[in-house]
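When the chains are written out, they are named A, B, C and D in that same order, and each has its own residue count from 1.
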Amino acid sequence: MSEQRCPMCSRPNPPEAHECWHCGARLTPLDPGGSASGSASQPGSRLGGERQPVPPEQDWLDRIRAESEAAGEPEPDFTAEPVTGELPSWLEEMKPEGSPPEAGEEGGRVSAFKAAGEPGGMEAADESGPPEWLRRIRAREEERAQDTGESGQDWLSGLRGSPGAEPEPEDVSYPPRPGRDMAAPRPAAPESRDLPPERPRERPAAASQEAMPSWLRQAGGQDAPPGQDRAAEQLPPSGSPPTTPPFGLPHVQALIGEGGAGEAPLGGKPEGEVDLPDWMDAASLEGPAEALPAASEGEDSRLAPATLPSWLEAMRPVETFRPVVQIQTEDDQAVESAGPLAGLRGVLIAEPLVAMPRTATVGSMQLAVSERQYAQAELLHRMVEDEEREVQASRRARPQLNFIRWAVAGVLLFATALPVLSGSPRFSLPSLEPRELGSLFTLIDTLPAERPALLVFDYEPGYSGELDAVGEALIEQIMVRGIPIATMTTRPTGSLLAMRVIDRLGPRHDYVPGEEVVHLGYLSGGATAVQLFSLRPREAILQGFDLPEDMQEAGITAWDTPVLRGVTALSDFSLVTVITAGTETARVWAEQAKNYMGQTPLVMVLSAGAEPMVRPYYEAREPRVNGILTGLPAATAYERRMGQEGLAAQRWNAFGTAMLASEFILAAGIAYGLVQWWMARQER
Amino acid sequence: MRVRLSALWAAVALAAGLFVLLGYFVQLKAVQDLRLTFLHWAVLLAGAALIVGLVNLVSVHWRKVGLLEEGWIYSAVLILALVITLGLGLFFGPDNAVALFIFSNFQLPVETSLMALLAVSLVVAGFRLVSRRRDLYTLIFLATALFVMVGTAPWPLPGLGTFEVVVRDLRAWISQVWAAGGARGILLGVALGATATGLRVLLGTERPYGG
Amino acid sequence: MTTPELIASFLGAIITLMVLSYLFADNPLFRLAIHIFIGSASGYAGAIAWHNVLKPGLVDPLFAVGLRGIAQPSALVTVVLPWILVLVLLLKLSPRTSRYGTLSMALLVGVGAAVVVGGAVSGTLVPQTLASMESLSPASVAPQTGETGLERMINVSLVLLGTITTLLYFRFGQRQSLTGEGETPLAVISGVTIPGPAGLIRAVGKAFIAVTFGVMYAGALSAALVVLVERLQFLRDTLSNLFGALG
Amino acid sequence: MTGSAWQGLAALAVFLGLLLLFAALGRRSPASFRPIPAFEALGRAIERAVEAGQRVHISLGTGSTVGQESAPAFAGLAALSSIARTTSMSDRPVVATTGDAAMAILARDTLRSAYESVGAAERYEPTAGRLLAPTPFSYIAGLPLVLATEEVAVHMLTGSFGVEAALAADFGERENAFVIAGTDDVQSQALFFATAEHPLIGEEVFATGAYLEVGGLHTASLRTQDALRWAIIALILGGTLLSTFGVLR
């Protein structure tokens, strides 16, 4: 190891550094006990020099791991893993990539933690008081608590607030910041503080089981056959451990795929990587990870058994993955030879490494350190997150929500219906009109009356309640000027909407279908078709819609009517008006069709929410939209200019009360949320 | 054999896509003609796909009716409405009076009523938002929304002329300048994502058509 | 109001109430209305597809060239190939023959993807990038609104800032310098993390997004409220017409 | 060719070049991406749904396949493929619905090849990819029925929607489903931001494939997008300067 990376900022540091040069974060964990004592002190010698002796300040788990690897690995190729030791090594071992030896190891260790209740488990240790390693953990915890003066939870909140955490004032209901942006974790010990000591001991184990689907759980859990010694040389590998194929989740064929794990149907991955989506893969880590805290929780309660609870066993999805936990008689169980449990019988072991086919480590070696760090940090994150997941699972029924819905609906309906039914309250029409309204009015007023205007009804019928009201005054102005009108649409029901509007307004201004107004109809093909239409209008739409019967009988198409006779291109229209609620539609017309319009102005009649997307086209130095009419207030102003009271004015009062009610409800919601937050804070 | 076929389909997609794509930038007549042809075919195929879709839709509901599954009566109503509208539309054209009647008195009321439901849903969502997602951005979101609404809605208290003017100007400033900046950034980002997605499909690394 | 009109609007009112009943809970009336709606919308879409797409694009050309004309080379593009493609697509009707219809779908997807790419590049990436290059000079004048001077400068700067920070907010990579994610916070003051410059840019970007969304939410809400008003007015009008006719 | 055509072609060429470059580089130096909480939550929600024997529902929106609005649906299809493979053992396989008929066919094809690729061809049901209704509002109206009758626990919206999309998300909330929603339209995104439990903002919807580890060019796509992001910013800043000093225009 030539350098170590800072867990906070990920920058390289000299190997001997204790604090990061760049951000000052602590690089090595605090170890109050100084050098570790006892059993796990000679890994280097046992390796025959293949691996450098573990420095005394390294983690105690690191030593255990070194030892176990030394024992289990016939040809330990530690140099092939340049990243080893850059992180707290217990996390190193929980590598998510599904590298089988490590997975096995991890499974073994976790089972050891979980399985105190089993015959030959950790009962002996329990009876004789806390084991040495547990005491060390506590000591370290206390040391840390004194150091920081914070509760155990705070190391996590520290992490959350660390790199890249956005300044969120409160993080209660958001999912916690994902682990990838967390700094690498501190030593294992503080985690135990996450769980209050009086918590039932079974909980973490059960939680970990619950937290993932059983097929995933299975994959993590099956690597823990009891009765196998950690040291591979002491027992032949032919015992109980299931043979594990060279990828992480061995039995889940469906996940890995028919053609083997490496063959991704939709693309390749680096060699040696399991082609299981990482998000599923990472999840498989949770079980072991969550089980860890149970180990250090305290001595007076029983550890959860390694077997699955029956209710969980009965659960889906498949029974074929049921773990085969074979418990050997005590005599058959080998004696632990190393580590803190040395001398005990039947200690649950790490997977005998020799039994595990190893994948070539080249691929994973080439993975940058970061990949691991993030995965490991994520592991930690998930351990914590599990607490919340249980809460989520029980959160399904939300009767309160229905009450909120009814209350809001009631208030809103009442507020809207009040002026509709009683005629009061009344609001004065807006005295101010939008800046762009005057120029739009002038634009329509100065259009050449001999060329037709094209009205594009590009909205769904659902919006007709709004857009009919907004667009009405403008269409009336066009009709007042006597400009012939052609309509079209790119939506199947648009023609019917056009028909409705024209049928309502046309007779007021003596517009005769076929003479002054004609419907081109539906243009299929969406945005693409708009381009085609812009390029060659006559070829894009062949027929008309709702032509007068005599014209249909005479075989006259819409293009042959007096309205459109002179039109061969978009620029032949005097005006193109797009009435739409969709920002995309508006953009298509502004960006694609405008190029073919020449001097013909393009006007947008918009639903209120679409304005910010279209306005840049209007305000650009070379405007692609020449007029905008949006929202009910602007429509009322337009009607006033026209000297009439139209749909917009009729809806103004009810719109006013509905808006006020909504504002009130939103403000109440903000206040309610903040009060909740404040109260939660106070409670904490 | 399947491998070859799937490569063939990918090649078809790529070839058709290439001409259509080039047509956006190259104004050569041959390219433009090919582009128009492919687009025309695609529109035809989309129309034919709708027929396939409708047949599937009917068959799904037909099966429900046949098996008297829960809610079969609704399925029967759906099929009936579909057949009537389709039949009328096919024989008398989409602009016949009955089609307009059905549209005006069934489709339009349902759609506008759904929009009315949307209004309630949006207000409920706004009410719950702070309790549900308590961060600075949610507060900014809601504060902006509230301010814009105040600036849009009728002014309840008369006689605050200057204040009203300030509020409405500020509203216009926020929605026309601040929002325009954010919207443009989002648009550019979406365009980047869409381009990448389209290119993946074109290159055949993603083949939603199977094969 | 004539009697048929009255009946029609009464039907509309009934179906409106059926849909609005969903406000209280999902119920059979709502489901009935929805099924009628889906049925009629689907039927109408099918009729439109026939009259506006398939008939003029497929059937009419075939009749125009006649069966003999099919053999001509010019009919290959206008008649033969479209027919083949559509017939191949119709194989998708049955699950058994479905996999043989891939040719048409591949073509459709190819064209769709090309439209996506072409539209995004030529419709958004290039024009929006160009449109962002506004002059910051106070002397420039906005063509439509006429704003100039400091006002113009501030507005252009704000749009520029919003565009760039928003764009940066979406950055996916996280290990390089200016992302905010892998960055050390500037300080942590009483529990509040002050992000470094990259984190700050992301925060500003997200704030711009929140403002944009807020404006659009308000717009959509006010649009929906107008529609709600329209529905209630429709109900009122129908009722009063009905009572008028009865009384 | 016009100036803008050249600009477009150049942008396209750069995009394609970078995409292929990153695809080649990707094997040697894998990228790591910022976490998106919504995707992390999605993974867990899917696990839970599988465990509870409930369904994952993917809505591919109402955009036409032959149009720009098909982009998010294509991203949704990639997600569909991935999720179908990972949940192929579930009692209730994933269901995809859409408001575009051609997209429904694509959903079926995607599901079939996904199941075949994991050796679970028998899990494929033709009705798992379906057209609910052919217009935006009728599609939205059909959603509550699917959500209620199919026991949907995860409601994922990745497609093109109009404003009515907010209803689609809200229907999911009413059914107490896990709702994750992303789309291309900015206004609909704003509404998702308010109504969906886990909104995907901006281009995050297009990153679905990369975050669900679909493989292929997805990762390279994100790196390309990042590279071009910088290029665009540089261009905008440069252009603004030139414009300010009167060099441009």
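We adopt the following convention: a contact is a pair of C-beta atoms (placed from the backbone, for glycine too) under 8 Å apart; a residue touches a chain by one contact, two chains touch by 3 or more.
None of the values given here were measured: they were computed from a predicted structure.
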Contact clusters after notional removal of chain A: one piece
Closest chain to the centre of mass proxy, which here is the mean CA position: D
Chain centre separation (chain A, chain C; CA means) in Å: 22
Distance between the centres, which are taken as Cα means, of chain D and chain B, whole angstrom: 14
Centre-of-Cα separation between chain C and chain B, whole angstrom: 4
Inter-centroid spacing, chain D versus chain C (mean Cα positions, whole Å): 14
Interface hub residues of chain C, defined as touching at least two other chains: 22-23, 31, 34, 37-38, 41-42, 44-46, 48-49, 51-53, 92, 99, 102, 105, 108-109, 111-113, 115-125, 127, 129, 131-132, 134, 159-160, 163-164, 166-167, 169-170, 174-175, 179, 181, 206, 209, 212-225, 227-228, 230-231
Two or more partner chains touched - positions in chain A: 164, 166-167, 169, 174, 180-181, 266-267, 370, 401, 405, 409, 412, 435, 460-463, 465, 492-493, 521-522, 524-525, 527-528, 581, 588, 607-613, 616, 619, 621, 631-632, 655, 658-659, 662
Interface hub residues of chain D, defined as touching at least two other chains: 5, 8, 12, 15, 32, 34-35, 64-68, 71, 74, 78, 102, 105-106, 109, 112-113, 126, 132-135, 137, 141, 145, 163-164, 166, 174, 184, 186-187, 189-191, 193-194, 201-203, 207, 216-218, 222, 225, 229, 232
Overall pattern in which the protein chains touch one another (line/ring/star/complete/other): complete
Residue numbers on chain B that touch chain C, as the complex places them: 5, 9-10, 12-21, 23-25, 37-52, 54-57, 71, 74-75, 77-90, 93-94, 99, 101-120, 122-123, 126, 136-138, 140-146, 148-149, 152-153, 173-175, 177-192, 194-195, 197-199, 201-202, 207-211
Residue ranges of chain B in contact with chain D within the complex: 21, 24-27, 39, 42-43, 45-46, 49-54, 56-57, 60, 70-71, 74, 110-111, 114-115, 117-118, 121-122, 124-126, 129, 132, 141, 183, 185-190, 192-201, 203, 205-211
Of chain B, residues touching chain A in the complex: 36, 39, 42-43, 46-47, 94-95, 99-100, 103-104, 107-108, 111-112, 114-115, 119-120, 123-124, 126-136, 139, 142-143, 145-146, 149-150, 152-156, 158, 164-165, 168, 172, 175-176, 179-180, 183-184, 187, 205-206
Contact footprint of chain C on chain A as seen in their complex: 8-10, 22-23, 157, 161-167, 169, 180-181, 370, 402, 405-406, 409, 412-413, 416-417, 420-421, 435-436, 439, 462-463, 465-466, 469, 492-493, 521-522, 524, 527-528, 542-543, 581, 587-588, 591-592, 607-612, 616, 618-623, 631-632, 650-651, 654-655, 658-659, 662
List of chain A residues in touch with chain B within their complex: 166-174, 266-267, 401, 404-405, 408-409, 412, 427-432, 434-435, 460-465, 493, 495-496, 499-500, 519, 521-522, 524-525, 528-529, 532, 545-546, 608, 611-613, 615-616, 619, 631-633, 652-653, 655-656, 658-660, 662-663, 665-670, 672-674, 676-677
